[in-house]
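The next part holds the structures, each set out as structure tokens.
Two complexes come next, and they have one chain in common, chain A, joined by chain B in the first and chain C in the second.
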Partner chain A sequence: MGMRRVAVIGAGMTRFVRRAKETPKELSFEATRMALDSCEMTRDDIDCVVHGTAPDAFDGVHMKAEYLCDGSGGVGKPYTRNYVGGGTGVFAPIQGWYHIASGMFDTCLVVCEEKMSSCQPHPQGAFLTIFDHTTERALGPNLLWIFALEMNRYMQTHGITLEEIAAVSVQNKGNALDHPCAQLGKKTTVKEVLESEVLAWPVHREMVSPTSDGAVALVLASEEVARRATPKPVWIDGVGWTLDTAYWCTRDLYYPRYVETAARMAYDMAGITEPDRQIDIAEPYDPFAYKMLHHMEGLMLCGKGQAPKLVADGVTARHGRLPCCPSGGLLGVGNPIAAAGLMKIAELFWQLRGEAGKRQVPGTPRKGVAQAWGDLMQVGTVVVMGA
Partner chain B sequence: MAKRVRSMQDFDFRGTALSADEFSKGKVITTTGEPHAEYAWDCGPAISRYLEELRNGRLIARWCKRCNRTMLPPRMFCELCWCPTTEWRFVRDTGIVNTFSLCNITWDMKPLKTPQIPAVIEIDGASAGMGIMHLIGGCDPRKVRIGMKVKAVWKPAAEREGAITDILHFTPA
Partner chain C sequence: MGLIQKSSSNQELRHYRGNIPVGNLYTAGIAGDRFFVDLRDKGRLLGTRCPSCERTFVPARHFCEECFTRLEEYVPVPSSGTVHSLTAAHVDLDGKPLDPPHVLAFITFEGCAGGLVHRLGGAPGQSFRIGDRVEMVLKDRKKRTGGINDIEHFRPAKGSRR
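So, the complex of A and B:
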């Protein structure tokens, strides 16, 4: 297609915390500075900046990209913000990718930041207006409704049990114990998860990711720059993204077909024909425990309804055949919306370079896939990366 | 000269966690503000008619000739084939529960005394799988099942105002 190869050459992040003392700009600055330091670059080496951040309503700052620009190193540079809801964190590197793949730029900083704690009394308030103002909002929906509706449909369609879904919380929170930035890493059990409060049946409190503050940044480079900058570039082999209709009640929620469409686009570009065999490590989006399973299926890492068995059999564990969310995911590391998605890309970067420390998956993983999701169960964003 | 590779382990991670007390008891400096935003939304030809018919105690859909889809809520164009829709079609006020939840909390995480039962209801007479979000009521929450037949419970005619809430809830048929 006449596009250039693009590599990730540096990554940085802040701790993910319930409420950070730092401002959104300061969080962006810290993550970005670490990403630049990690590849011994400075802002002068950067051609353009992409910022991903979710609703302006979290910060209460309209046009928050313009406000955040200083922190993410964008002053005086070609700078754009992207926002595709929860899918933003995996879309931001795609936007960075096409800036470089097109030949327009050689280096790009990709920064994602979210500060959910500003929104009072609870950041869920920022989501109340995503429902249709005339036909839905009058019923007083809250965000948990749609997750609970989708989870119930998914469970019913395949006969999946609550125990099988709770096992995802156990796995990911356990993995997060080894992540230095994690907010909610802990050793827990299926029993503990199922004894936690039922927020909206079948969703239990311990199946939900927390609200978080945090930032993540990457440095992207063209092949020529990447080869000079580091002996271990990690290539962006494939990208895909799709948006489904906002009439979410007219789609069968048991399966995220838009994730499959995005994954097919990314796999085609990366030359992946059998994702279940060719992908060594995956970071499916896991804001809720069932979502990791749902998204493994959408990513075609297993058949429909088969994901719970892979978790039960230990296949998705850090030492399993197909580690899923070795970072600890959103359930364990935390969920500052856009930053959480980019954290998954950073995790693949560290894993594929063999730099993930205690979280390192065994063997020499060569191919990874990360995915995020959002809006009214609409958007799928997928990136395939290769060592 | 080859650059030194710095791995994740070489960094001290930044970001300072505040405790709940530090924030709620004012031990750190914060400022507050409350934006007020008010809107008046035009409903357009499709939803305006939908609301009018709700006031009449009926559900109305739009039909796409090319896809042969009877769509609810009604819309002036089909989002799949992207052609204008051509016909109004009344559908029934009964359906089946596609999925549901028993919600025990408000949006700001306060407990509810009795659970709300949001559901996606596939409406009889609309195309297969064509659902709307509404509430289930007038029954034991523990008895609600996916696949259950339900019917609309309407507000008394004099109290209807042309809103989705003219249906109070759906109840087992």
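So, the complex of A and C:
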């Protein structure tokens, strides 16, 4: 395609917490400073800045990317914000990627921040208006309800049990115990998950990620700069993104076809023809427990309806054949929307460099895939990375 | 009602009401918290000094956006400054007259980067110009809450030329 190779050469993140004292700008600064320090760069070494952040209503600052620009190192630089709902955190590095792949820039800071605790009484309030204002809103739906519809349809189609879905919460919250930035790491059981409050059947409280404050930053570089900067660049091998119809009632909810479309785009670019064999490590988006399974299938890491078996068999465990969410995912590390997606890319970066500490998957993983999702269950964003 | 039909009032169309039901709770942040606690308790303005570009920012901030350095040296700065620019609002958002006009200024402090936007006040009929020296007037200690309105306004500095 005549595009240049792009590598991730540095990463940083704040702790994910329920309510941070730091302002959104300060959160962005801490993550960005850490990412620059990790590759011994200064702001002078940065050609452009990409900021990913979800609705302005969360931080309570209209045009918040402009407000955040100081904290993400963007002053006086070519600076853009991107926002594709929940998919933002994995789209931000894609935007950084094309800035560099195009040949226009050699280095790019990619920063994602969210401070959801500013939003009262609950960030769900901001989501109430994503539904159609005449056909749906009068019925009072919220995001939990529509995910409950999707989860139920997925379970019904394949005969999946609540226990199989609860096992995802157990795995990811357990993995998060080893993440120094995690909000909700804990040792739990399927029984405990199923004994938690039912929010909207079949969604139980312990199957849902929390609201969080936090920021994550990456440094992206062209091949030439990357090879000078580090002996261990992690390459962005493939990128894909897609948006499905907002007439969500015209889709069968059992399968995330928008994830498959985005994944095919990314795999084609990365030369991946058999994802279930060629991908060593995955970070599918898991704001809800069933979503990790749903997205594993959309990413074609297994057949439709097969993901629960992989979890049950330990295949997706950190020491399994195909570790999924070794970070602890959104269920365990937390879910500051855009930052949570970028956390998944940072996790692949650390894992593929062998720098994930207690979270390190065994062997020498070579290929990873991360994915995020959002809006009215309609956006898919996918990045394939290689050591 | 189509595009080619003119309507001067959208209330004539069938309509459905709605809003985005959120409010907000903000924090002042790492540096902002120290700035406001110091203002409330000690009645002074706090800045932070950047060791790299040697600027002192007021109000205190957590990082220098140019050098990208974490700022950890907090220093009190003089509470009198200079009117950098000002405006007098004669009507409010709804178009109602403001009498007397609401005078708002951007005030800078000697040797400091940044500054404060605040009200100007003083004797009735007091007029202000760009370049005037002004000083901070605080609310009584008991009425201060740790916010920007702990400062009542800025008034002409004692011994200034006007």
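The working rule: the second predicted complex is superposed on the first by the 387 of 387 C-alpha atoms of A that agree within 3 Å, B and C clash if a C-alpha of one lies under 4 Å from a C-alpha of the other, contacts with A are read in each partner's own complex, and residues count from 1 in each chain.
Just so it is clear, a contact is a pair of C-beta atoms (placed from the backbone, for glycine too) under 8 Å apart; a residue touches a chain by one contact, two chains touch by 3 or more.
Computed from a predicted model, the values in this text were never measured in an experiment.
*Asks:* Touching A:38, do we find chain B (first), chain C (second), both, or neither?
*Replies:* After superposition on chain A, A:38 lies in contact with chain B alone.
*Asks:* Who does A:12 touch here: chain B (first), chain C (second), both, or neither?
*Replies:* First partner only, chain B.
*Asks:* Contacts for A:257 in the overlay, against chain B (first) and chain C (second): which applies, first, second, both or neither?
*Replies:* In the superposition, A:257 contacts neither chain B nor chain C.
*Asks:* Per the overlay, which chain contacts more chain A residues, chain B or chain C?
*Replies:* Of chain B and chain C, the partner in contact with more residues of chain A is B.
*Asks:* Name the contact category of A:191: first (chain B only), second (chain C only), both, or neither.
*Replies:* neither
*Asks:* Does chain B (first) or chain C (second) touch A:60, or do both, or does neither?
*Replies:* Both chain B and chain C are touched by A:60.
*Asks:* Contact-wise, after the overlay, does A:277 reach chain B, chain C, both or neither (first, second, both, neither)?
*Replies:* neither
*Asks:* Would you sort A:121 into first (chain B), second (chain C), both or neither based on which partner it touches?
*Replies:* both
*Asks:* Looking at A:23 after the superposition, I want to know if it touches chain B, chain C, both of them or none. Which is it: first, second, both, neither?
*Replies:* Only chain C is touched by A:23; chain B is not.
*Asks:* Once the shared chain is lined up, is A:145 touching chain B (first), chain C (second), both, or neither of them?
*Replies:* In the superposed model, A:145 contacts chain B only, not chain C.
*Asks:* State which residues of chain A lie in both footprints, the one left by chain B and the one left by chain C.
*Replies:* In chain A, residues 20-22, 60, 117, 120-121, 125, 128, 133-134, 138 are touched by chain B and also by chain C.
*Asks:* Under the stated contact criterion, what part of chain C meets chain A in this complex?
*Replies:* 16, 18, 20-33, 62-63, 65-68, 70
*Asks:* In the complex formed with chain B, which residues of chain A make contact?
*Replies:* The touching residues are 11-22, 27, 30-31, 34, 37-40, 60, 117, 120-122, 124-125, 127-128, 131-136, 138-145, 148-150, 152-153, 156, 180-181, 197-203, 213-215, 229-232, 245, 247, 249-253, 350, 353, 355-357.
*Asks:* Would you tell me which residues of chain B are touching chain A in their complex?
*Replies:* Spelled out, the residues of chain B in touch with chain A are 2-9, 11, 13-18, 20, 23, 28, 32-33, 35, 39, 41, 43, 47, 50-51, 71-73, 79, 98-109, 115-116, 118-120, 129-135, 146, 163-165.
*Asks:* In their shared complex, at which residues does chain A touch chain C?
*Replies:* For chain A paired with chain C, touching residues are 20-23, 25-26, 29, 32-33, 36, 42-43, 57, 60, 70-71, 73, 75, 117-121, 123, 125-126, 128-129, 133-134, 137-138.
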